[in-house]
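Shared between the two complexes below is subunit A, which pairs with subunit B and subunit C, respectively.
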Partner chain A sequence: MLIFTFRRLNLFIFTMLLLTLLSFSLSFLFPGDAIINISGAINATPSQLIEIQNAYKTDSNIFWQYIAYLSHIANGDLGLSMASQSKISTEVLNLLPATIELSLVALFIAMFIGIPLGFIAAIKHNKTADNVILSISMLGYSIPVFWLGLLAILTFSISLGWFPSAGQISLLFEIELVTGIQFIDILISDSPYKWQAFADASAHVILPASVIAVAPATIFIRLARTSMIEVLETSYIRAASAKGLTFQQIIFRHAIRNALIKIIRHVGLQFANLVTIAMVTEVIFSWPGIGRWLIESIYQRDYTAIQSGLLVLSCFIFVVHILTDFIYAALNPLARGNKYGS
Partner chain B sequence: MVTTLMNKFKCFFILSLSVWSLWGCNNESITSLSERSVIYCAEGSPETFNPQLVTSGTTIDATSNQLYNRLITYQGKDNTLTPALAKSWHVTRDGRKVTFYLRKDVPFHQTDYFTPTRLLNADDVIFSFNRMLKPEHPFHLVSGGNYPFFQDIALHLLVEEVEKINDYTIRFHLTHSDSSFLANLATDFAIILSAEYAQQLTQQKMKASIDTHPVGTGPFKLKEYRVGSLIRFYRNDEYWQEPTKIEQLVFDITPSNTGRLTKLLAKECDITAYPIAHEKIIQHNDLTLEAVTALNVGYFGFNVNKPPFDNKLVRQAISYAINKKVLLEAVYQGKAELANSLLPNTSWAFDKSIPEQEFNPVLAKSLLEVAGFPQGFTMDLWAMPVQRPYNPNAITMAKLIQTDLKNIGIKVKIVSYEWNTFLHRLKLGEHQSFLLGWSADHPDPDNFFSPMLSCSATHTGSNTTFWCNQEYDDIIQQALQTTNIGLRKKYYSQAMNIISKEVPLIPIAHSKRYQARGNNVTGDVLAPFGGISFYQVAKNNSLNANNKTQNDGEN
Partner chain C sequence: MNLLDIRNLSIELINGDKNILAVDKVSLSMKEGEVRGLVGESGSGKSLLAQAIVGVLDDKWHVHADRFHWRGIDLLRLSIEERKALISRDIAMIFQEPMACLDPTTTIGEQIAEAIDTDSLSGFFWQKQKQRHSGAIKLLHKVGIKNHSACLSSYPHQLTEAICQRVMIAIALARRPILLIADEPTAAMENTNQGQIFRLLASLNQLKNMSILLISHDLENITHWTNTITVMYSGQFVEAGTTTQIFNKPLHPYTRALVDSSPSANFHLPAKSRLMTLPGSIPILQHLPIGCRLGPRCPRAQQACVKAPSVTNFHGHKVSCHFPLIPIKTPRKATNQKTVKGVC
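So, the complex of A and B:
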C-alpha cells in the first residue's frame, strides 16, 4: 500500500507540474502583455507594475519565471481577476464548494439510479427489461445537456411549477457563507427558518443535479450491466447456485459486492465527465459555481481567471481521481499490485 | 416474490407520502416569509450605493429611492415639486437665495455598522452638498471625487455657499438664477447622507465605507450585498413616513433576459425589470405587463477624439447609412418612437420642425469619398451588454448596423464587456463608437443637453462622445439663465440643430420602459423619469402576514 501511495503521489506531482506549465504558457499565448495576463493587474500604476515584474522575475530567463510563478501558486496567489479586480483565490474558494456540492448530489443520483438499473438489466439479460433499459440509456446518453436543461426548466419550473429554475436557494433565506457547501451552511446557521431553507435548497438542487446525472447514469447502467453479467458467469456464482442458494441470496450476498468493485474504479473517471457537464448546467440554472464563473470569464476575456480557473478545476478533478483510486485499492487488494501509474 | 414486491411498493408509497407531507408544511411556512418580502429581478449590479457618484440607471434603481430621501421631490402626474426632507422652501425674487426648512423628525438608518444618536439636521444637508461642491472637503476625494451629474450641470459654479441658518434651516446662495436648480435638487442624485456616520467613519479610518455601506433616511436599509448576485434590504421601521408594507426587499441580479423571464414565469421573482417576450407575459392571467412612457433616448455615438470620427463628414455619412426604421422594428418591436433629436415628444421643449434623418446609402457613400475613405475602413462598435429602457437589445442593434455599414464599405467589429467594465472603459475613451442612451432624471429638458453633450460632461465621463462645441455650450447656458419658457424652447431648438449638423451622435429611438409583475404584488414601482421606488409595494395577502410578524418576532 505504501508503494502504491508513493506511486500515486509521484504521478500527482508530475501531472501538476505539467498542468502548471500549461497554464504558465497560456499567459504568453493569450493576447496582451504576459505579466498582466498572469497577474491580472490591469489598473496597476507604473511603480506597482515594476513590483509585480520583480515578483514574477520577468527579467530572468523563462525557467526562473516559471519557478516564480510556481511559488506564487504555492502561496495561494492566483492573481487578480481582470474583470472584477478581486483575488481569484478567494473567488475560487467561494465558488468551488458550490460546484462540488452540485456534482456530488448529481453523482449520487447517477449512482443510485444507474447502478441498480444496470444490475436489473444484467439479471434480465436479453429479455425485454434489458432491452428497454439499454435503449433508455442510449437515449439519455445522446441528449445534449444544454437542451435537456432547458427542457427540464420549461417542464418542471414553468409549466408544472414544481421546482425552481435558478440559483442555489431562494434569496429570501439569509444563510451565511461558512463552508460554501450550502447544506452544511444551513445546518450550522442559526436562522429561524433553518428547515424551510433546507427544504428550499433541496428543491433547488434536484433539477440541475438530475440533469447532470443523466449522462453519467447511463454510463453507470452500462458498466453495472457488463460487470454483473461477468460476475454472474463466474464459477463461484455457479457453485453458489449449485449449493442451493436462492436467486436473491446469490445476487445480494455474492454478485452485487463483486460487481460493485469494478464500478467504483470508474466513478472517478466519470467525475471528470460530470464536472464538465456541470459547468454547462451551472450556466443554464444560474448555479453560483466555478463552471459558470469560468464561462463568464471566457466571455469577458478575463485571461487571468481562465488560466487560474482551469488550473484549479483540473487539479480538483485529478485529486478526485486519486482519491477514488485509493478507495478502489483499499477495497480491492488486487489493484495495489498494478505496475503502471494509470 | 409477488408479495415482497407488493410490500416494497407499499413501503415506497408510504415513504413518498410522508416526504410529500413534509414538503407541504414547509411550503406553507415559506409562503409566510415570502408574503412579507418582495423579490425584484434586476438587470445588473450597482456600481456603488451612493447615487451622487453615478449616472447609471441600474445603480439609481437599486439605491436612490430605496435607501435615501431628497430635500424635495416630484409628485403626481404633472410632476409638481413637493416637500420631502424639507417641509417647505422659499426662493427670493432674484432667484439667488433658496432657503429650505427641514423636518425635525427624520431618523437615519440603524444598521449592523452604524447606530445614529441624533435625528437629521442642517449639518447632514450641508455635509451632503459640500462633499460634492468643495474639492477641499475631507470626503470629496473618497471614491474618486467624481460627481458626474452635478459636475455636468456645473453645480459648483452655480452654488456659492450652503449656509446653515439654524439647526433646521439652510440657505443656498447662488451666483446667478438658474431655472433648473430646484428640479436638479429633486433628482435621484441629490440625496442626503449622514454627517454623523461620516464622522464615525473618519475616526475608524474607513471613509470609503460611506459609499459601500450606505446609511440614509429612506424606506429601506441595506442588509447584505453580494456582487453580481443579490442585494438584500430590510424595512426601515423608523421611517419618517409610514413604514413600507413589506419587510424584506431582495434584488436578484439576473443579467440574462431569458433568465429574468424564466424566474418570473417560475414565480421566483415578484417583479422583473425589462422583460422580454411581452406577448407571453400578457397571455398569463396571473402576470401583468406594465409600461411607462419614459423620457429617454437611445443613440449611436462616436468618439470624436479618435479617427476617423474626428471627421464630421464620416459621422454624417454613417448617419445616412443607417436605416433607423428597421432598427425600430427589429430591436424595439415597433414599440418606440423614432428619434430625430435628443428630446422625446413628451418634453415641453420638443421641436417638430427638426427633420427626420434620411436613409440614403448613396449619399453616404459619396460623403465617405469626399472624406477620403472611398474604400471604407474598419471600426469598432461597442454594444452594451445589458437591456436598458432606451435600448432593449444593443447587440442585435449592433449587428443590424454592421450590415447597414457593410453596404457602404465599412467593416464593423462588435465589442462588448460586462456592464460596469463597459461603462468604465467608455469613460476612459477606449472606444471608437458605441451604442448607449440616456434616461432623464427630471422633466427639465436641460437634463438631456448638459449631461449628454456639454464640454464639462466630457471631463466627468458622461459625455463619452468627447464632443465639445463652444457654440452649443453657450446656447444651453443661456437657456438655463432665463425662466421664459418660449425663449428656452428657442435656445434648445438651436442646440438640437447644431447636433443634427455636427452629428456627435445619431439619436435612434425614444422608448417605453417595461416591467412585469405577478398580480399579487400591488403598488407603483415605475416612474416616467428617474429610478424605481418600492415604497408603495405590497403583497395582496400582507394583512395576514403582518399578524404573523408579531408572533415570529425579530431574529
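So, the complex of A and C:
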C-alpha cells in the first residue's frame, strides 16, 4: 500500500510538471507580449516592467524562465488578472471552493442515483425494468445541459417556485468565509440562524447539481449495468449460489463490491466531463465558481486568468482522480500489490 | 433406497426459435456412501447435468425430468424455494478452476464463515460471529490446512490452485452435505496436487460416509477412486455400472473406445504407433445427429441407430445401445431382440 501511495504521488508530481509546462508555453502562444501574458501587469510602468522581467528571468534562456515560473507558482503567485488587476491566487481561492462543492454534490447525486439504477437494470436484465431504465438513460444523455438548465429554472424556480434560480445562498445570511466550502462554513459558524442558512444553501445547490448530474448519472447507469451483468455471470457468483446463499446475500456480499470495482475507475474519468458540464451550468445558475470566472475571462481575453484557471482546474480534477484510485485500491485487493504498471 | 434418483433428465438451451437439446434423457442414480464417476469428453454435458442437479443454471437453460427423487422425496413436487433449501442443505458442489470460484475481493475467512449454516449456531449475533470464526478454522483443519490464520486472512489470488480447491472443499463441507458433486476438481493441477485432492475426497467418503459424484473427462485417472461409473457422450447416457464392469467388460462401443484409448490399455502396441481412437470428433451443439449421437463415429452403427436406443439392464450394468458388445441372452424380453440376434 505504501508503494501504491508513492506511485500515485509520483504520477501526480510528473503530471503537474507537464501541466505547468503547458500553461507556461501558453503565455508564448497567446497574442501579445509573453511577459505581460504571464504576469498580467498591463498597466505596469517601465520600471515595474523591468522588475517583473527580472523576477521571471526573461534575459536568461527558456529553461531558467520555466524554473522561475515554477518558483512563482510554488510561492502561490499566479500573476494578476488582466481584467480586474487583482491577484489571481486570491480570486481562485475564493471561487474554487464553490466549484468543488457544486461538482462534488453533483457527483454524489449522479453516483447515488446512477449506480443503483444500473444494478437494478442488470438484475432485471432483459425485463421491462431494464428497458425502461435504459431508455431513460438514453434520453438523459441526449439532452443538452444548457437547455436542461434553463428548462429546470423555468419549471422549478419560476412556475413551481420550489428552488431559487441563482446564486449560492440568499444574501440575508451572513456567513464568514473560513474554509470556503459553504456547508462547512455554515456548520462551524456561530450564527443563530445557522440551520436556516443550511436549508437555504441546500435549496440553492439542489437545482444546479441535479442538472449537472443528469449526464454523468446516465453514464453511470450504463457502466453499472454492464459491469453487474458481467459479475453476475462469473463462476464465483454461481459458486456462491451453490453454497446456499440467497440471491440478496449474493448481491450484497459479493456482486456489488465486485461491480463497484469496475465502475470506480470510470468515476475518476467521468469527473473531468462533469467539471466541464459544471462550468456551463455555473454560468446559467450564476454560481460564483471558477467555471463562470474562467468563461468570463475567455470573453475578456484575460490570458493570465485563462492560463492559471486551467492549471488550477486540471489540478483539482487530477486530485479527484487520484482519490478514486485510492478508493479503488481499498476495494480491490488485487490492485494494492500491483508493483509494475497500472 | 437410492440417495439420488434421476430419470430422463433433459436440458434444453433456449436459443431464439430453435431450442438445442444439450442433455438428452440422462438417468443417474446414486446410493448412500457411493463414489460415482461421471465420465465423458468435454462438451458431453456432464457439468451441465451437475449444475442442473444443484440448480445453479441460469435462465437460458430449461431443465426437464421425468423423476427427480432425493432420499425418497420427490423434488419435482416441491416449490422452487423448498427445493433450493433442501438441495443447498444436503448437496454441495465444487467446481473446476477453484480460483475463479472464490470472490476475489473477499477474504477466505469471510467466504468460509458465510457458508456455515445459521441454524447450527446459537446465542446472540456477536457469539454467532465467534462461532462462525471457530467453525471456519475447524473446516480448514478438516481439509488439511494447518496454518489457518494465514489462510483465513488472505485473498484468493494469494493462494495456490490446490489450496483454493481445498478451501472450496471446506466451503462445501460447511453445511455437512450428504452428497458432494465434484466437477473436475483437479483440472489444470499438478499430479501431486491431484493425488492430494483425490485422497482428501476419498477420506471424506470413508470417514463421513459422504457420497461423491466425481465428474471427469479422464476415465483412467478416476477409476482408482470410484465404485461406480456413468459414461456420457454428447449429452446422452451411454453406460453405467461398477468400475470393474466398465473398465474390464464395457458393453458400449464408446466405452470400449474410451478404455482402449488410454496408454495403459495399449501396452502391447509397438512404439510410435497410433493409439486406438474413434474417428471424428464430438458433434457441436448446433449439428447434433439424430438418434444415437455416437452414430456417425460408431464402428458398429447400423440402420437402427437413427433411433435413440433405450436403456438395457444386464445385472445392474446399464447400457444404451442397439448393438452392445457382449450380447447376453436375458430371460426377459430385450427391447431389440431381433437386432441383437443379428449381431450374434
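The rule we apply is simple: the second predicted complex is superposed on the first by the 333 of 342 C-alpha atoms of A that agree within 3 Å, B and C clash if a C-alpha of one lies under 4 Å from a C-alpha of the other, contacts with A are read in each partner's own complex, and residues count from 1 in each chain.
Simple rule for what comes next: a residue touches a chain if its C-beta (ideal position, glycine included) is under 8 Å from a C-beta of that chain, and two chains touch if they have at least 3 such contacts.
Bear in mind that the values here come from a model prediction, so they are computed numbers and not experimental data.
Look at A:Asp200: by the touch rule set out above, it reaches subunit B but stays clear of subunit C.
In the superposed model, A:Leu139 lies in contact with neither subunit B nor subunit C.
When the shared chain is aligned, subunit C comes close enough to touch A:Ile261, but subunit B does not. Judged by the touch definition given at the top, the superposed model places A:Ile50 against neither subunit B nor subunit C.
In the superposition on chain A, A:Leu29 contacts neither subunit B nor subunit C. Contact with neither subunit B nor subunit C is seen for A:Ile67 once the two complexes are overlaid on the shared chain. Subunit B contributes residues 22-23, 26-27, 29-30, 33-34, 37, 39, 223-224, 227, 229-230, 232, 248, 250, 252, 254, 256, 259, 262-263, 265-268, 417-418, 421, 552, 555 to its touches with subunit A in the complex. Across the interface of their complex, subunit B is touched by residues 83-84, 153, 157-158, 161, 164-167, 170-174, 191-193, 195-196, 199-200, 286, 288, 296, 300 of subunit A. Note for the complex: subunit A touches subunit C at residues 233-236, 238-245, 249, 253-254, 257-258, 261, 331-334.
Of all the residues in subunit C, the ones that touch subunit A in their complex are 51, 54, 56, 58, 88-89, 92-93, 95, 97, 100-106, 114-115, 117, 155, 157, 168, 171-172, 174-175.
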